[in-house]
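Following are the structures in question.
Here subunit A shows up in two complexes: once beside subunit B, once beside subunit C.
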Partner chain A sequence: MSYLDKTIVELHELLLKKEVTPLLLAKEAIEKAKKDPNNAFETIVEKEALEFASSLKECEEDNLLWGIPFVCKDNISTKDILTTASSEILKDYVPVFDAEVIRKLKDKKCVLIGKTTLDELAMGGTGTTGHKGVTYNPYDPSKTCMIGGSSCGSCASVAASIVPFSLGSDTGDSIRKPASYGGLVGYKPTWGKISRYGLFPFAPSLDHVGFFTRSIEDGAILLNALQGYDPKDGSSLKDHDEDNLKNLKNGVNGIKICVFKEIIDSINDKVILDAFNKSIDNLRSKGANVNIISFPKELLNAIYPTYMVISCAEATSNNANLDGIKFGPRGEGNTYQEVMMNSRTKGFSELIKRRFVIGSYSLFKENQEELFLRAQKARHLIVNKVNEVFEKYDIIYSPCVSKARNPIKGGIDDKLSSTYLIAENHLAIGNFGGYPSLSLPIGMDDGFPFDANLTGRVFEDSLVFQVGYALEETLGYKNLSIEKVVK
Partner chain B sequence: MKEVTLELLKQCANNLLFDMDQEQYQTLLEEFATLFKQMELIGKIEDIDSVTPLTFPYPCQSYLREDIEGETLTLEETLKNAKEVEDNQIKLPKVVL
Partner chain C sequence: MNFEAVIGIEIHVEMKTKSKMFSSSPNYFGASPNTLVSPLDMAFPGTMPTVNKQAVINAIRVSNLLNMEIDHTLYFDRKNYFYSDLPKGYQITQNDRPIGKNGYVIIDSLDGKKKIEIERLHMEEDTCKQLHLSTYTLLDYNRAGTPLIEIVSRPDIKNGYEAMKYVDKIREIVVFSNVSDGKMEEGSLRCDVNISLRPVGESKFGTKVEIKNLNSVSNVQKAIDFEIRRQSGILLSGGIISQETRRFDETKKETVLMRKKTDSVDYKYFREPNIAPIYLSDEFVQKAIDTCLPSLDQKRDYYLSLGLNIDEANQVLLSFEMSNYFDKLIEGKKYVKTLWNLLMGEVLSYLNKNEIEINDFIVTPSNLVTLASLIDSGEISFNQGKKILQEMVKNDDDPKKIQEVLGLKQNSNLGDIESFCKEAIKNNPQSISDYKNGKDRAFSFLVGQVMKLSKGKVNPQLVSKVMKELIDKE
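Let's look at the complex of A and B:
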C-alpha cells in the first residue's frame, strides 16, 4: 500500500492511529526516491533518515508534522549532509551547521529524506541547468516539457508523491512557477517571515525560503512551523507570527480581489483562460468581489529587465566567496589568483558566468545610473503602484503561466513579447515588494496541470491562505500528484 | 555607458576570476543586445527618475543582533571543507617567492 500520495493531515491521522509508522513512511519515500526517473535528487540520506525515523515512537497529537518525511532544495544548508546548489563548484561541500528551517523541522520531528536538484545556484527558471542535467516533469513521460525552476527537484518530488512536502527558495518565481507545472501549492512568504539563515544567497533583497505542498491546509501547517523571528537572519521579522490555521476556513465573502487586465491580455491559451475565468466565477459565487482592473503596461514590461539587472548584480557580489580555496574543488595554479581563476572557470556553468558578467557590468561606475540604479527605481515604481492597488484590494489574482506545457527546447523566441515579459515573468512582483504569494492548481490541460496565483499585502500571509483554501474547495484540485491524475 | 564588446566582456569575466570560450562570449554579447532592448522599456517610463532606488522590499530597519557571543565554529569545522590545510591553516601558493 502506498501512503505518500496522502496529505500531511491525512498522514497525521494514520500516524495517530498507528496504522503507519514514521519508519514505514521513510522507507517508502526512500524507495521511491531511489527509483525516481525525473532526476530530482542530488543526495538521498537513507541511513540518517531511517535512524531518525526509527527513533520516533509515540505520535505527538498536537504536532501535525511528527514523523512526516520531506525533501529539501540543495541550496539550503544541512549539517553533515552534502549541499551542492547543483553546482560543480560546491560538488563536495558539506555544511557544518543547519539552516534555521531545517532546525525547525527537526524540532517538529520531520524526517529529511534527501536533497533535491535545482537550476545551478538557484539562477534559472527551467530546471535544466544543474550540474546533474535536466530535471523532468513527472507529468510528462516524453520528457520534453519542463517542470520549471529553479526549485525543480523539490517540485518534482512532491508532484511524484515521493514526499508530501518540500522546501524551496524563490527569488523571482522559483517556487510559485514550477508549482504550476507540477500542479502543486507553492508558497513564498512575506519577506522576513521565514528565516533565510543557511540559505545560499542569490539576491538577498529578493530571496525567500518557501515550500511546496499538495494542499492549502498543509501549507498553513508548514507556515505555522517555519515562521518566526530569527536573530541569525538580519532581515527576520519580529512580532508578525500568526496562527495561519485559525481563519483558514472563513471563506471569501466580502474579500476584494483584483485581476490585472494586461496580464490576461498577454495570455493566448484558451484552456488557461477558460479555467481562470471559471475560478473567478467560483470566487464570486462564494461572495468575493472580483474586479478586472488596468495596471500600467509599461511597469509590467519592466518587471523582467528589472529582475535581471538587480538579481545578477546582487549575485555577482554574493558568490565571490566561491573560490575553490575555503571549500569546493581547487583548481591548479602557481598563484592564488590562478587557483581562483581555474576553480571558478571549471566550477561555474556558462549560464552562471553570463549572469555574473551582466551583474558586474551593471555595477560599473559608468553604467550604474542607466542599469543598476534605474532597475532599482523601476522596482520602486512597480512596488508603489502595487501598494496603491492594495489600498483598494486585498488580493491580486493571476494565472501563473501562459501555457501548461512549456517545451524544454524551443521556448518563446521573442524576448520582447508580452507573453514573455508579462505572462511568464509577472510573479516577480511578489519578490520586488516582499508580498506573500501562493500558487495553487486551477485546471488540467490534457494531463498537464496549471496554477493560478494569489498575492496579498505584506504581513497578510494568513489571508492569502484563507482565500487559497476557499478557492481550492470550490475547484476541487486538491492533493494532485501523478499517482492520482495519471492513473 | 561603456560600449559592450567581446574584449570588454572578456576583461569583465577575468576581473571576476573566470574565463569562457569564444562561442560563449558571443552568446553573451547577443544576450546583452536583448537586455539593452528590454532596458529601453524601463527608459520609456516617464517618471522613472521621480523615485529613489529601492533596495529592500518594504521600509524596514536592519536589526543588529545584541553584541553577545553566539555560535562559533571549531577549528576542525572551519577547515573541514578546505582542500589543502597545513598547521591548522588553509594552504595557498606562496605570495612572496
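Let's look at the complex of A and C:
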C-alpha cells in the first residue's frame, strides 16, 4: 500500500484514524528516496528520520502537519546534517544550527527525510549544475527533458510522490518554474513573510524560502506553519500573519485578474496557449474579471539582464565567505591569497565563476553606475510599473514556461528572443517586487505537465491562494504525481 | 622654505556593548581565543545580521557630543575585499550614509582654543584578530563583529601636539559617555593618521602618508613630529614623498615603512540587502542623548561646586571608573573632602599595591561613607579611620563594627587631654622655650608627645587647642 501520493490533508485523516503511522510514512519515503532514479538527493537522513518518526505517538488533531514526511533543498541549513548547496566547496559542511523554517517544521512534528539537489549554490535554472550532476524530470523516462531549477531535487521528489511537500528557495523563479516541469504547486511568499534565517544567501534582496506541494490547500497549510516574524532575520515582517485557510474557499467572484499580452505573444506553443486560454475561461466562468492588458515590452525585455546583474553582484559578495579558510577543501598556498584562490578555483564550477565575474565586474567603481546602479534603476522601473497594474488588478496571471518539454541539451538557443527573455524569465518580477507568487498545474502535453502563475500584491499571499484554489477546482490537476498520471 | 603639515585622523573606537554589532555573541576583551563566537561571526552560510540597538544609541550619543548632524535613517553597506581576518569576505559598514556628519570638537592647542572639524562618524564591525607565527597564522574570532564607530576628522590638525590633544579629547568623550574603554594599548581605540606637507601658502595638498599602529596618545604626537621632520628633510633635499603606509617604531622613536601604496583597492560597496533601512524616531534619538552620562567637564563643574579644588577634581577624573565610584560616595553631598582624601589616598594606594581595579574593589560606597561620617563627626581620628579601612578591605564589614572590635574611639574628654598636655609640658621644658622663641616645630613635637602618651586615642585638634592655651598661660 502506498500512501505518499496523497496530499497532506488526506494523510492527516489517515494519521488521525491511525490507519498509518509517522514511522510507516517515513519508512515508505526513505525506501522511495533510496530507489530514486532521478538523482534528487544529496543526503537521506534515514536514522534521524526513523528515530524521530517513532517518537511520534499521538496525532495532534489540530496540527495538520503532524507526522508528515518532507524533504528540503540542500541550501537550507540543517543542524548536524550535511548541507552542501550541491557545491564542491561545501561538500563536507555540517551546519551547527537549523534554519528557522526547519525549526518550525520540527515544532510541527514534520519528519525530515532528506536533503535535495540543486543547481550549484542555487545559481541556475536547469537542474543540471549541481556537483552530483543532472537531476532528472520524473515525468521523462528518457531523461532528456529538464525538471528545471534551481530547486530541482525538491521538485522531483514531490512529483515522484516520495513526499507530499518539500522546501525550496526562489531567487528568480527557482521554485515556480521547476514546479511547472513537475506539475506541482510551487510558491514563494511576500519577501519577509517566511524567515530566510538559515537559507544560504544567493542574492538576499531577491531570495525567498518557499515550497512545493501537490495541492493549493496543502500550500496554505504550510504557509500557516512557516510564516511569522523572526528576530533573527532583519528583513522579517512583523504583524502580517493571517490564517491562509480562512478565505481559501471563497472563490474568485469579482476578483480582478490581468494577463500581459506581451507574455502571451512571446509563446508559440499551442498546447500551452490553449490550456492557458481555457483556464482563463474557467476563471471567468467562476466570476473573475480577466483582462488582457499591455505591459511595456522594453521593461519585460529588461528583466533578465537586470536579474543577472543584481543577482550576480549580490552573489559574489555572499559567497566570499567560502574561501577555504573557514569552509571548503583548503587549497595549497604560501600566502592567504594563494590559499583562497586555489580553494575557490577548485571549489566552484565554471558557471559559478562566470557569475562571480559578472557580479564583480558590475560592482567595480568604474562600472557600477553603468551596470549595478542601472540594474537597480531598471528594477525600480519594473516594480513601479507592476505596482501601477496592482492599483487596478488583484492578480497577474501568466503561463510559467514557453513549452512543457525543455530539452537538457539544445533548448532555447536564441537568448535574445522574446521566447527566452520574456516567456522564460518573467517570473523574476515576483522577486523584484517581493510579491507573493504561486504556480499551479493547468495542463499536460503528451505526459508532461505545465503550470501557470498567479502573482499578487505584497502581503496578499492569502488572496493568491484563494484564487489558486478556485482555479485548481476547475482544472482537475490537483495532486498530480507520476503515480497518478501513470494510473 | 617653510612647510605646513596637513593632518587628518581616523579613529576606530571599539564599543563596550554587551553583544556584538550584528550577532548576539558576548562582547568583551580578554576572553580565551574563539570563545565569544556565534555562527554569524564565523560567516556560517545562512546567518543574518541584526543591528545592535545599544550600538546605535552609543553612536547617537557620540555624534551628539561631537556636535554632528544625526541621520534619522540608518543604512548599512557592504565593503567587499578578501583578507584572512575578514570572515564574510565583506565588512558591514556605513559608507553612503554615516549616522553622524559635519561635527567638531574644541581642543586646547598651543595657540589657545582651536576647532577641529569632523567629517563623519559611522558604525561598522571589527575583523578577527590575527597572530602571525613563523609558518602559520592564528585567528581569534572573538574580536570579529565587535561594534566599532569610526570618526574621521577633516584635515584641520597642524602638528603632533594638536593631534595628541584631538585624540585625547575623542578618547575622553567616548570613555565618559560609557561607549568605550578607550584603551589604546588594548586596541579599543585605534588611530590612523594621514599626513602630508605643503609649502606655507600653497593650496594644493602634498602626497599623503598614512601612519598606523599608534598605541598611545603620546606616540601619536611623537610619530607625527618625527614624520614632519622626515618629510621636510626629503622635500628640502629635493626628494619626493612616496605614497605609503608607515608604522611607529617605539624603540627607535621613528616611523618605518610598512608598505608602498599602489592603486587603492576597489571595495565594490553596495547596500547591505539583509538590513532594511531603520527609521529612528525623534523621541528615540532625543532619549539616547538625554540619557547619556555627564561629560568630563560637567562632572568637574559638579565636583567644584561641592568644594573640591580643580586639582582634586582633575585627579578623580583621570579615571572614568574612579570618578564613577566617587560619584556614588558623594551621592549624599556630605563629607566630600574626607571621602576624596580616603579615596585618592588610602584606597588608591591599596588598589595600586594589590593591582585591583576600582570596579573590583570590595568595599561598598555606603560603608566608606559611614567611615567618613565617623571621621568628620570627631568620633575617630583620620588615622584611626585608616586603620579601620585596612580591615574593611578584607570583607567589606561595617566600619562601626570594626571600630568596636578594635576599640578605636577618639578621646575628646577635656580633662584627660589637659592632664596629658601637662605631662608633656613637664617632660619637655626645652621645647617650651623653643616654641616661645618662635620655633613652630616644637609645638608639633609637643602635640606628638601627647598623642604618644595617650596611645593615639585623643582628638588631635583638641590637643592643639588645649596645648596652646596651657603654654600661653605659662
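Basically, the second predicted complex is superposed on the first by the 486 of 487 C-alpha atoms of A that agree within 3 Å, B and C clash if a C-alpha of one lies under 4 Å from a C-alpha of the other, contacts with A are read in each partner's own complex, and residues count from 1 in each chain.
Going forward, a contact is a pair of C-beta atoms (placed from the backbone, for glycine too) under 8 Å apart; a residue touches a chain by one contact, two chains touch by 3 or more.
Nothing here was measured: the structure is a model prediction, and the numbers come from that model.
Enquirer: Using the touch definition from the top, say if A:85 reaches subunit B (first), subunit C (second), both or neither.
Expert: Only subunit C; A:85 stays clear of subunit B.
Enquirer: Between subunit B and subunit C, whom does A:260 touch in the aligned arrangement: first, second, both, or neither?
Expert: After superposing on A, A:260 lies clear of both subunit B and subunit C.
Enquirer: With both complexes overlaid on chain A, does A:200 touch subunit B (first), subunit C (second), both or neither?
Expert: Second partner only, subunit C.
Enquirer: Determine, under the contact definition given at the top, whether A:354 touches first (subunit B), second (subunit C), both, or neither.
Expert: After superposition on chain A, A:354 lies in contact with subunit B alone.
Enquirer: So in the superposed three-chain picture, is A:77 touching just subunit B, just subunit C, both, or none of them (first/second/both/neither)?
Expert: Second partner only.
Enquirer: Would you check which partner chain A:363 touches, where first means subunit B only, second means subunit C only, and both and neither mean what they say?
Expert: Only subunit C; A:363 stays clear of subunit B.
Enquirer: A:313 contacts which: subunit B (first), subunit C (second), both, neither?
Expert: It touches subunit C, and subunit B stays clear.
Enquirer: If we overlay the two complexes on their shared chain A, which of subunit B and subunit C does A:340 touch? Say first, second, both or neither.
Expert: Both partners, subunit B and subunit C.
Enquirer: Once the two complexes are aligned on chain A, which partner has more residues of subunit A within touching range, subunit B or subunit C?
Expert: Higher number of touched subunit A residues: B.
Enquirer: Which partner chains sit in contact with A:139 here, subunit B, subunit C, both or neither? Use first/second/both/neither.
Expert: neither
Enquirer: Need the overlap of the two footprints on subunit A, from subunit B and from subunit C, as residue ranges.
Expert: 93, 96-97, 205, 231-232, 234-235, 316, 323, 325-327, 336-337, 340, 360, 364
Enquirer: Enumerate the contact residues on subunit B facing subunit A in the complex.
Expert: The touching residues are 1-2, 4, 9, 12-20, 24, 27-28, 31-32, 34-35, 37-39, 41-45, 47-58, 60, 62-66, 70-71, 73, 77-78, 80-84, 90, 92-93, 95.
Enquirer: So in the complex, the part of subunit A that touches subunit C is made up of which residues?
Expert: 75-77, 83, 85, 90, 93, 95-97, 99, 196-201, 203-205, 231-235, 313-314, 316-317, 319-323, 325-327, 336-337, 340, 360, 363-365, 368, 372
Enquirer: What residues on subunit C touch subunit A, complex-wise?
Expert: Of all residues in subunit C, those touching subunit A are 39, 42-51, 78, 80, 82-84, 87-90, 137, 139, 266, 268, 270, 273-276.
Enquirer: Under the definition above, what is the set of subunit A residues touching subunit B in their complex?
Expert: It is residues 92-94, 96-97, 191-192, 205-206, 231-232, 234-236, 238, 298-299, 301-302, 304-306, 308-309, 316, 323-330, 333-341, 344-345, 348, 350, 353-354, 356-358, 360-361, 364, 366-367, 370-371, 373-381, 383-384, 415-416, 421, 431-435, 458 of subunit A that touch subunit B.
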